[in-house]
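As written, the chain order gives the labels A, B and C, with residue 1 at the start of each chain.
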């Protein structure tokens, strides 16, 4: 039988385990990894394209557990098409679309729609996150089972943007998703302690006259939830951990064998509340930017495994919702296209983590949390699993670029890194063997 | 880039200044036919000590003239026509004699008469604080280059200058150790600044 | 000085310059022709997005005394809810010819944001932003205190600071832009500030501020201050459980008749009572304290016009602002 799909031979690349080698992609699969690969030629074997990747790193395609694609509802800020283009340009081969769209993704119908839009776009796998409660209202459980059984096969459920603050409801949700091996991703924010909150609570918020967002509002919910998870024996995932105290609580829980996983965002690994002094709403985000000590605790938490993954919390917003007074501006920042550079800058260049570690926190661990079988197929030591779907990202860690949001693929421009120099650039991305990014630019979408 | 100013050339010594002020005092009395109704108002900064000196001389010549009761200062900062262009100056106080200036013969005193714009501002300022019977102008130096139809009634020294020159008046009360400087005696000097931009940079205060 | 956004960023030299200029402006208010031509042909817009008749008319009087044209623009609630953004509003005002925008805003940081946004080239004067700052209120309080100190010392106020003066600020520090602006300015001028309030109305991190902190107003008054500044207490704070009841607040933190007597015996002989107004008689201040000769409320109002004249004159004079630090955050990367 003759092959028509092109094959790709990536040569001379640095692999996550630190060795140098070649990678062969055939039939959408990672066919072989080794040195001096010489695939058979001939018409039957199909066309072969060779990519010289010397000096660059081949990573497993990145998996984001926390993406806001805004469609349906706010297509002026982002669509599934533009959001997945941004994801591809950032090296992601799978994103989890948060449920706070309009309408809310709280039914099989909406999650299937988002899943379908993702398939049609073809730039990156899209896995919808289902809402925990109807309309994110925090009052009644959404039809979690229906979403799990839909074609979208939802496994991650979250009211992100809102906290499931009712302890009984949270307990029920944790218990219920055990039926289909789901996970509740909690946005840990005690609502009463954060009414009108605008920034991290501390001396600076007092000076700036902005209502404070105390660390305890996050930590109290995490503490409660890990105890609930232990009590009912369920999996809990904590979204965007932002304080040193939260890291401590999660470390405590893991030491006791509680099934909790946690994510940190790129911006919380790099930026601090000092930026709020400018009152520039591009730095307004939920949870808020914290202090230097929190940034360091999050980096260490990722290095020692207390924090499992980096989730972008990519939150595109239109210019008009950011070009206004701080107190009424929308919360959130874009992040898909800067995530890997920020991780390199904060964790790799600082010596806290090697590229096997990056593969763990940005690919294999989030894939495992979301129960994805086609992503993150790499060992802890950074050795690719052959025969797995070819979801790969080629990354040049040696360039330095000044962030210019105008050049980003996302439809929104609210990047907090504007004007900053960050290292690294994604050069090529293979989604199930199809090159969606080639030579630092979008190529063609994958067709199903 | 500021050009190196050339060495200052002294044109009036301390005794020249004193003689000029004495003459001005006599001329004021002569023109007014006595000290009746005279109020001497200095324009900050260097017009103020000059006004005080003239008033003291008036008192010496005419003991019936009470210098302390007939001397004051008139700040013109907020009446200037160049507020938009020059950087903001902190206004100085205006101090008038207790009897006010209504019906008085006000003698305005300034150090250098140049464009005439300061005096224009002073006339406006005066208008807002009272209605004198007459206003006279006494200056230590008239250096020419008038931009407005204003002339001095009493001039210490007419000093033809080029616009590339800077006239510096140094008075002990302001430029000496009692003030903010280290000058040891009064003087009027001319500095040649060939670079026209440097004149602006030097901030010719009397323009 | 291109803008006046806060007192925290105000240097001692700038503060003294404003106060000294205000002294000369006060002199104008005492004469027959209460007008100066300094801002003839300039346009000052009072953009008040939050109710404040007192501050607005004070700025209006100040601008008019300097011969500026004044346009008043009032709106309530968020500009977003009105459907027009702040950006569009201020660009419209500038197109009408505004040279300076005096802005009262419900949002903390709005003035700083406006000055740093690049939306307009006008000068921005912060007339109170959320719970952040109210710099002209602090400047008028400082002017009042400085005159008071000068009278006591038998000197002129010009060029002097507040070294050695002891000022107690009492009440809702947490939500008070007046307290913040005063704390920064008075300490810059050399005064010692004590904050007295219930712990619930103290800001987080207050222990790092350059002041003493006490929960006992009695102790603060017994220490013999030169001035006691009472802040207005909003009744809704009670419903938000910052304190149990108005009566309990008054008992512990009100300037009652008993505490007025304590101030008269323990305080400086000429200790003054200050209030930014409007006063809640019977809540934070008793009628006797409000009507006391020590109360400088009306002097504060008069000084407010002088200070605002000084500020408008200084921000609108000269186009070369390079020499003075624009009191704007520098981290904005947008043009």
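Everything that follows uses one rule, which is that contacts are C-beta pairs under 8 Å (C-beta built on N, C-alpha and C of every residue); 3 or more make two chains touch, one makes a residue touch a chain.
Quick caveat: nothing in here was measured; it's all calculated off a predicted structure.
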{"item": "By count of C-beta pairs in contact, the leading pair of chains", "value": "A-C"}
{"item": "Chain centroid nearest the full-protein CA centroid", "value": "C"}
{"item": "Per Cα centroids, the chain farthest from chain A", "value": "B"}
{"item": "Rounded Å distance, chain A centre to chain B centre (Cα mean)", "value": "74"}
{"item": "Inter-centroid spacing, chain C versus chain B (mean Cα positions, whole Å)", "value": "39"}
{"item": "Distance from the mean Cα position of chain C to that of chain A, given in whole angstrom", "value": "46"}
{"item": "Chain B residues counted as touching two or more neighbouring chains", "value": "none"}
{"item": "Residue numbers of chain A (touch at least two other chains)", "value": "none"}
{"item": "For the chain C and chain B complex, residues of the former touching the latter", "value": "1, 17, 20-21, 23-25, 27, 31, 33, 35-39, 66, 158, 313-314, 316-321, 323-324"}
{"item": "Chain C contact footprint on chain A (complex, rising order)", "value": "198, 201-212, 214, 275, 277-280, 320, 323-328, 418-419"}
{"item": "Complex interface listing, chain B residues touching chain C", "value": "75, 78-79, 83-94, 124, 127-129"}
{"item": "Parts of chain C lying in touch with chain A, wherever the complex brings them together", "value": "8, 78-80, 85-87, 105-110, 112-113, 116, 129-133, 174, 177, 180, 203-206, 208-209, 329, 331-334"}
